[in-house]
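Labels run A, B, C, D and E following the written order; every chain starts at residue 1.
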Amino acid sequence: MTDKPRIGLYVCHCGINISATVDVDAVAKYAQNLPNVHVARTYSYMCSEPGQALIKKDIREQGLNRVIVASCSPRMHEKTFRKAVQEEGLNPYFLEIANIREQCSWVHEDMTEGTAKAKKLVASAVAKVRLLEPLESTEVDAEPAALIIGAGIAGIQAALDIADAGFKVYLVEKSPSIGGRMAQLDKTFPTLDCSACILTPKMVDCASHPNIELLTYAKVEEVDGFVGNFTIKVRKKARYVDVDKCTGCGECAKACRLANRITSEFDEGMGKRSAIYMPFPQAVPAKYTIDPENCLMLTRGKCGKGPKCEEACQAGAINFEQQDEIVEFKVGAIIVATGFDTFDASRKPEYGYSNYPNVITGMEMERLVSSSGPTGGDIKVFNGEEEIVPKEIAFIKCVGSRDASVGNEYCSRVCCMYTAKQAHLLREKIPDAKIRVYYIDVRAFGKGYEEFYDRVRRENVRYIRGNPSEIFKRGKKLVVKVEDTLTATPLEDEVDMVVLAVGLEPRADMREVMDLLRLSQSGDKFFMEAHPKLRPVDTATDGVFLAGCCQGPKDIPDTVAQAKGAAASAMVPLASGKVTINAQVATVNEATCRGCGYCVSVCPYSAIELVTVNRFGHELEVARVNEALCKGCGSCSSVCLSDSIQPKSFRDRQILPQIAALGGTR
Amino acid sequence: MSAMLLNKDKWPEFVGKLSGKVWVPKVEEGEAIRFGPLSGEESKLPEYCNTRVPPKEIVFPETETLYCFQADEHEMTAPEIDERKIIIGIRPCDARAMKIVEKLFRWDVDDPYYLKHRELVTLVGLACNAPGLNCFCTSVGGGPASTEGLDIIMFDLEDRYLLETITEKGEALLKEVEGLLEEAGQDVLAQKEKLIEAAENKISRSVDTEGIAEGLPGLWEDPLWKRVSASCLGCGTCTYLCPTCHCFDIQDETEGFEARRYRTWDSCMFEEYTRHASGHNPRPTRRERTRNRINHKYSYYVDKFDLIACVGCGRCINYCPVNIDIVEILRQVKEAL
Amino acid sequence: MDLEQLRKTAAEVVAKDDVKYLIGWKKGTYGYRVSPVFIENEADTEDLIFSPLCTANLVTYLTLVEKPPLPRGQKPDTRKVALMVKGCDSRAVAQILVEKGIEREQIIVIGCPCPGVIDVNLLVAKYPEVAENTELKWSGEDFVLIRGGEEIPVKREEVLAEKCRLCRYPNPVVSDIMIGEPVKPWQTEEDTGVSELEGKNVAERWEYWEEQFARCIRCYSCRNVCPLCYCEDCILDRLNPTWINRAVNFSENTAFHIARAFHLAGRCVECGECERVCPVKIPLGRLNRKLAREVRDNYGFEPGLDPDGKPFQASYKPDDPEDFIL
Amino acid sequence: MKTSENPYIPYLATIENAWYETGGERCIKTFKVVIDDKEVRENWNHCPGQSAMIGVLGVGESMISISASPTEGRFLRFSVMRMGKVTQALHQLDPGDKMTIRGPYGNGFPLEEWEGKHILTIGGGIGQAPLRPIIEYVKAKQDLYAGLTMIYGARTSGDLCFKDEFTEMSKCDDLSCHLTIDIEEEGWEHNVGFVPQMLLDLNPSPENKIAITCGPPIMIRFVLENLKKLGFADEQIYTTLENRMKCGIGKCGRCNVGNLYVCKDGPVFCYSVLKNVPEAFA
Amino acid sequence: MSEDFEPNIVAFLCNWCSYAGADLAGTSRIHYPANIKVIRVMCSGRVNPLYVMNALQQGADGVLVSGCHPGDCHYMEGNYYARRRLGIFKDLLEFVGVDPRRFHMSWVSASEGHKWKEVVEKTVEDVRAAGPFEGFRRRQIDW
C-alpha cells in the first residue's frame, strides 16, 4: 500500500494517425522524467486487445496506480480504458486521457509543433492524474418504462418493440392521431406497397397493445431527473370530445356548420374538413377532435342556436367544458422520434409555388395521387383558369436540398426515389402524359432503388440534367426555364404541371424538445447523435435516444431500422433494471462552506440544498449535494467564493496543476 | 567619533559618492510610504515624520528566498547576500528596533540571512525634530535622537545636516565623502542639544512601563483583553508596520523546474498563524491574539532578552483602521495591575 | 443628528434581554480618531457618537466574530446584535442578508441617515491633527471643527470622502430603527478616479496598477475590513490548492487584488473601507467601483438594495451582454 | 552557504523503510530514515523527546518528534499522521525516496536526571511517538532505571501504533505494558476504557516515579488531574507540547506558549513549569 | 516584440459542445495553429474566472474559454453564468491593464469544427499581436 502515485503513461501511435505528426517516442521519453511517472511506453493501437493487455500487465507487475493514455479524444475511448484498468483492480477514475489525436496530430501539420504540444498535453495529464481521487459509482433502480415522443413510423416501431419486450411505453403524439408522415403517403418506393396498408396494422397494434399508453393530441411539458429515473409531465390537450364516448361515427363532422370549410392539414391543404374532425379515416385513435382555432363555439362562444355537433352526437361525447389534462409518470429512457418538416417551396420564389396553383410539392402530389386523397386519386390541377388533367408534367428535384442559398447543404435522401415513384404513378394514371424530371444527380442507393429508377426511365419518363432557374406562365402553360447541362442547351419547357421534389428539414418546433432534453443540433440543424458512426442513436444526454428523421433525412426502411436500434438501446437500462449514476459529482467541504446558497441558486438540477449542521456547538447552514441528482457540471464550484464545493475529478486542486503544466516552460 | 556638517546643496553629491545601494524614504501618493533605492533624481530627503512601512524590510525583506532547488532534485543553493546598503534617513526608533530584533536572530542559533543583511547595511539616521502625534519612544528606552543601532546620526539644521558618527562603519562611510563635509563647531553641537530637547518636549504620549513585564502574565484572564480586541479586524497592519515584529512564515513555491523555499512576513494577528493542521487553534479568537501581541512585546521579550520589543514609533496607532491604541492598552494594563 | 435620541434609543435596545451588544462609534483615543465600540450596558451608551468622523463600516463585525469550539453542553450565545449603520453600511447588511451570512432576526439595525463623512487624510492635510480628541460636526451643508472650545468652519468639498461624493444612498436601505430624519440625496460627482483610468490605454493602466500593487504588503487589512469578505477560510491565503502564493511580489500581489476585486463584483456596496484602511495607500476603491459601475450599467444590477434579491454572480439574464464573445 | 552554516538548509535523508501503523483518513505512517551524509550521520546526536523538521522539497516542512531512540542505531524514525499538505506529501514517500531533515531540535527528556527512577509513560494515539524513544532507551539501559510502566490507548485497536513492539515488550520482566481502547471490540484481549481512567485503575504509587504523558489535549488534561489525585508531585510529571512551527530555531515566532518557545524551550516540559503558563493547555 | 513569438494559449473547453467541436475539427482534419492547449471541463460554467488569471500568471500569454451557444448548454444554464462571470472578469482585467486581446470567450457547438478553427486562429492572432505577457508571470520574479 502506498500513497505515492505510480503513473503508467501509454502513447498511442494510432497506426500513423498520431505518429505521422507526433514523435510518440519523444513524448514517451519526455514523460518518463515527469514526476511520479513510473513507466512510459508507446504502442501502435492502445485501444486494441494487446494494447490494453500492456496496461494491465504493467499495473500487475509494476504496481501502477495511475494510468494515462495519450491517444484519441476521451470521448472515444475513455470508457474502454476505464474498464481496462478496472479489470486490473484499479479504480476506473485513476485514468486520464491526453487527447493527442483529434486535438493535436490531426489538426497540426508540423512534427515539431505537434510533438511539443503533445508533450504539454501529456504533462498536463500527469499533473492532474497525480491528484485524482478514487470514485465509487453507485447504482440506482431504473424505471422499466419508456417515453417516445412522436408517433410516426419511427415512434410506432420503437414503441412496439419496447412494448413487446414487456416494458411500459408512453407514446406521445402532438396531433390527434398517430401515423405521422407515412400515413400521408400513397405508395412506398420501390416496392409500391400501399403506405396505409402496411402502416395501419401497426397503428392498430399500438392502440391495442397492453403495454402501450397512447397520449395523442398531447405535448411533453417537463422532463426532470436522469437516465433510469426521468419524471415526465405531459399535457393532454382538450379535444372537447369525450374519447370514451366517441364512437367515431362521424355524424358530428357532417353536421358541423363549418363542414368542408376548413383546410385539411392531412391533405396538405388540398382538401377540406370540418371544425370537428378526424385527420384521416384510419386515424388511431378513431376519435373526433374539435379544432379550437376554428370551432365557432370555442372561438366565439356560440354556434348558431347551439352547436350542431352536440346535437348530432348520439353518444353525447361533445364537451365544450373539457380542460387540458396534465399526466405525470416516470420512465427510464426516452426516444425522440419527432420527424421532419418538408421544405417550404415558397422559399424558392423563382419556382412560383406561391403564384401558380399547378406548381405543387411532392407531398401534395402524394395526396393528389392517393385514392383516399382530396380528388379520390384523380390527377387534376387548376391551371389558373380551369381544372385540367395535366398532360405535360415536369418534376424538379433537389428543391430545398443541396442548396446553400436556402441554408440546406445536405441531400434529403428521399426525393430522388419519391420522384421516380410519383412519375411511375402518374404514368399509370395518365398513360399518355409527357413526364420530364429535371435533376442534378440521381441518387438511387438503396435495395432495389436503382432497378426501380431504371424501370421508371424505361416507362418513358425523361430525365434531363439541369437545375431549372425559373418557372413562369405563358398562356395556359407553365414554362420551366432550364439548361440541359449534358448538351449545354437552354430549354424552355412548356408544361401543365410542375412537381417540386421538396426536401426534408428539421421541424420548426424542435427547439422545444431540445430545451426539454438538453439535446444539441448538428450542422444540418437536425438533432445531433452522440457519435455519427458508433453511437448513431444515442445523444449526449444519457438515456435519451433518437429515431427517424429528427436525426436526419431518411427513408422508411432506414427509419424503421433506426427505430429498432433506438428501441434496443433504450431497453438496456430498462432490462438491467439499474443505472449507474455519475460518480463525478460535486462534494462540499462543510468546514469552509459559509452557507451563502450561491451554489443552490445556480444548480440546474436542484441537487444542492442548505442543511443545518452543528460545528463545535454552533448551528450553521452548509450546502449538501444530492449525488443522485448531481451531473457534475461544476457551475456551483466556480460561483463558490470559498471554493467549498468542488466537482470530483474536476477540483480546483486538480485543474490548477494542469494550468501550471500548460503554462509553464516545463 | 566625529561631528561633521553637510550643506544640503551638496546632498546629491553626497549620496552619489557613497559606495553601496542607498535607500531613502520615497514619496508615493503624496506621502513617504516606504524606503526605496535612490533613483538619482532626488535632490534632498523628502519631508516626512516617518515612513509608513518601516525600513526593517531592507534587512528583513518581506519575502526572502532561503534557498533554491530544482523540482525533483535535491541540490539546495542559498542566495548570496552581498549587496552593501546604506539607509539614509532612518529614524532612531527604527534603528533601535533593528538592534532589538538582532537579539532574537542571534539567540542560540544565528540567522545567517538577517545577520548578513545587518552586517552589510550602514544606518544613517535622521534625528526627529518634530516627532509624530503618537510617538512615545522616550517611554520605551529610546528618544528622538537615540543612537542605538545607528552608524551615523544626522540632525536637520534647516540648511545643513549635522552628521555624527557612532560606529567604525559610520566613520568609514564619512571617509568616502570627506571633501563634502566640514567640521562642526561647538555652536552647532549646542544647537543640536536644543533641538533634541525641543523634540523630546514635543512627545505628548507616554507609557509607564514600570511593572508591566512582570505583571502582564497575571492579567491573563482580565476582561481588558476582550475589550481592547473587540474592534480588531485581525489584519496585519500593526504587525507588518511594526519595526520590531519579526515573525515569518516559510513556504515553498515551484514554477516549472525552478523551486524555492522562502520566508515571508507573518502576523500573530492572523487566525491561521497558530492554527494546527488538525484545525485546532490554541489562539482561537482576536482576544488571545491581541493578548499575545502585547505580551510578546512587553513581557516575553523582556523576559528573554531584557528588552521591550517596542520602540514607540507609533505606527500601529497611526495606521490601525479601528483606532486600537497600544498606549491606551498599556494604560489599561497598568490600571489593571 | 440628535445624539440624545441616539443614546436614548441605544439604551433601550441594549436594555433588552435578547440583545448581546450594540455596535456603534465612540470618540477615539486622539485627534480625529473614532473607534468602534461594543456596548453591553445602558450606562455606556453615553459614549456613542455619530459624526462626520464615523467612517468605519461596523457591519464587518457581524461576521467577524469567531465561533471557537464550544465546550460540550454549552449553548452558543444567540442573542441579537444591534448596530449603527450609515447609508452605505446598510447596503452591506442587505447584501449579507442576500448571502445568508446573517439572519435578519439576529440583528437590530439602527439606521443613521448620513450627510457624508470625511476623508481623514484630507482633513489632516488641511487641519493638522493634534493629540487631543477633536470633534467634527455637520453644520448645514458643511462641517464645523471643535477644538479647544473654538469652532472652525470646514468646507464640505475640502474634506468629504470620495465615496460620499459618489454616494447615491445616504439613507439606510435596511433598518429597524431610524435615528433622525432622512437626508436629501445630493448630486453625485463624476467618478474621476475611475474615468481617469478608463481614459488611459491598457499599457498605461498596467503601469499605473503595477506601481500600486508593487507597494502592497499583503497585510490583508483590505480584505479583513470588508464587510463582504467573510469566508472563514479565504481562498486568497489558502495553501491547498494555492491560488496565490504567500510570497509578496508584484505578480502575487496583482493576482491577490484581481481576485479580491472579482470576488466583490456584484457584491461590493462601495463603502470605501478597503481604500481607507490600506496602510500603503493603494486606491483599491477604483477597482471595486469600476466593477460596480460595469455591473450597474451593463447588467442593470446593483447589490445591497434588496435583502431578498438574487446574488449577481449566481444569477443571469438570457440577454446579458455578450458582445465580447467570438 | 553550506548546510552546516545555514540552519535553514536541511540534510538529505533516504527512507530505508516505511509502513503504515494505522488506517483511515488520518492514518499514521512510520518512516525509518538514514541521513545521507556520512559525517552528519555519525555526528548526529539526539535524545528522546527531541524533534526534527522533516519535509519534502517543493512542499514544505513539518516538526515531527523523533520516535527512535539513539540506542537503536544510526537511523531515525518518524511517525507521521496524515493531516495537512506537508504530511500528505510525506505519506507519498516510499523506501528509496528522499526526505529533508533539520534538527535535532528542542530539549528532550532529562533521562540522565531520571536514572534510578521508575518511568511511567502514559500515551494516547499518535502521542505515543515521542514516548517510544524513552521506552526503547530504558529498555536498552534497564540497569539504570528502576522499571518501566507503559499505558497506551487509542480509540480502536486499529489506531494503536507500534503494536508489534508491545507484544514483544510484555515478555520482559521489568517492563509492564498496559493497552486500552475506547470502544469494545471483538477479539481485543486488553483493557477497554479511556486512558485517564486506566491510570486511576492501575493506581501506581508516585514513589520514585516519573510520569510522562503525551496525547490529545483532552486526554492530557485528565491524566494530569488523575496523576495529581494519585499523589504525583508537579516535579514528577512531564509532558510534551506541540505547536505549529516553521523555523524550529526560535526565530519565526509562532510556537510560543506564554514566554516559552516550544521549539527551543520544549517540547518537553515539566508540569511544575507548565502549570504557570496558562496558554500551555489552550 | 520578436517576429517569431509563438504565444502560449490555454483554453478551457466544455465537454459537450466546444470540446466535441474541437474533436470534430480533428476528425475533419481541419488544421489550425498548435499554440492552443486545451483543458477539458464539463461545462463552461465550471471555469472559475480566476483560472484565467492563474493561467496568465503561470505563463500563458492568452486564455480562451469556449462553451455551448446560449440555450444549448448541456446543463441548461452553465454557459449563461459563465458569460456573466467571465464578462465582468474581462472588464476587470482590462481595467487593470491586461490587453483585452489576451482573453477571449467563444461559443462553439459540437458541429462547428470550422468555427473552432476560426476561433483558434483569431485568438492566436490576437495574442500574437498582444505579445508575450511577461509582466504578470511568476517566473519574472528574481529569486
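One rule holds in what follows: contacts are C-beta pairs under 8 Å (C-beta built on N, C-alpha and C of every residue); 3 or more make two chains touch, one makes a residue touch a chain.
Because the structure is a prediction, the values reported are computed rather than measured.
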Chains in simultaneous contact with chain B and chain E: A, C
Most distant chain from chain E by Cα centroid: D
Closest chain to the centre of mass proxy, which here is the mean CA position: E
Most extensive contact between chains (C-beta pair count): A-E
Most distant chain from chain A, judged by the mean position of its C-alpha atoms: B
Mean-CA-position distance for chain D and chain C (Å): 49
Computed distance of Cα centres, chain C from chain B, in Å: 31
Chain D-chain E separation of Cα centroids, rounded to whole Å: 52
Cα-centroid distance, chain A relative to chain D, in whole angstrom: 67
Multi-chain contact sites of chain A, meaning residues that touch two or more partners: 591, 602, 639, 652, 656, 664-665
Junction residues of chain C - those touching two or more other chains: 68-69, 239-240, 242-243, 245, 247, 249, 313-315
Sequence positions of chain D contacting 2 or more other chains: 84
For the chain D and chain B complex, residues of the former touching the latter: 1, 3, 5-10, 12, 57-62, 83-84, 86-87, 98, 100, 217, 242-244, 246-247, 249-254, 256-259, 264, 278-279, 282
In the complex with chain C, residue positions of chain B that touch it: 28-29, 31, 33-34, 52-53, 62-63, 133-134, 204-205, 230-231, 233-237, 239-241, 249, 251, 253, 262, 264-265, 267, 270-272, 281, 284-286, 317, 319, 321-325, 327-328
Interface residues, chain A side, partner chain E - complex: 73-75, 99, 101-104, 106-110, 113-114, 116-117, 120-121, 124, 514-515, 518, 520-523, 528, 540-541, 584, 602, 604-605, 631-635, 637-639, 647, 650, 652, 655-656, 658-660, 662-665
Chain C to chain E touching residues, read off their complex: 197-198, 202-210, 243, 245, 247, 249-252, 254-255, 257-259, 261-262, 265-266, 287, 290-291, 294-295, 298-299, 312-316, 318, 320-322, 324-326
Touching residues on chain D, where the partner in the complex is chain A: 20, 29, 82, 88, 91-94, 97
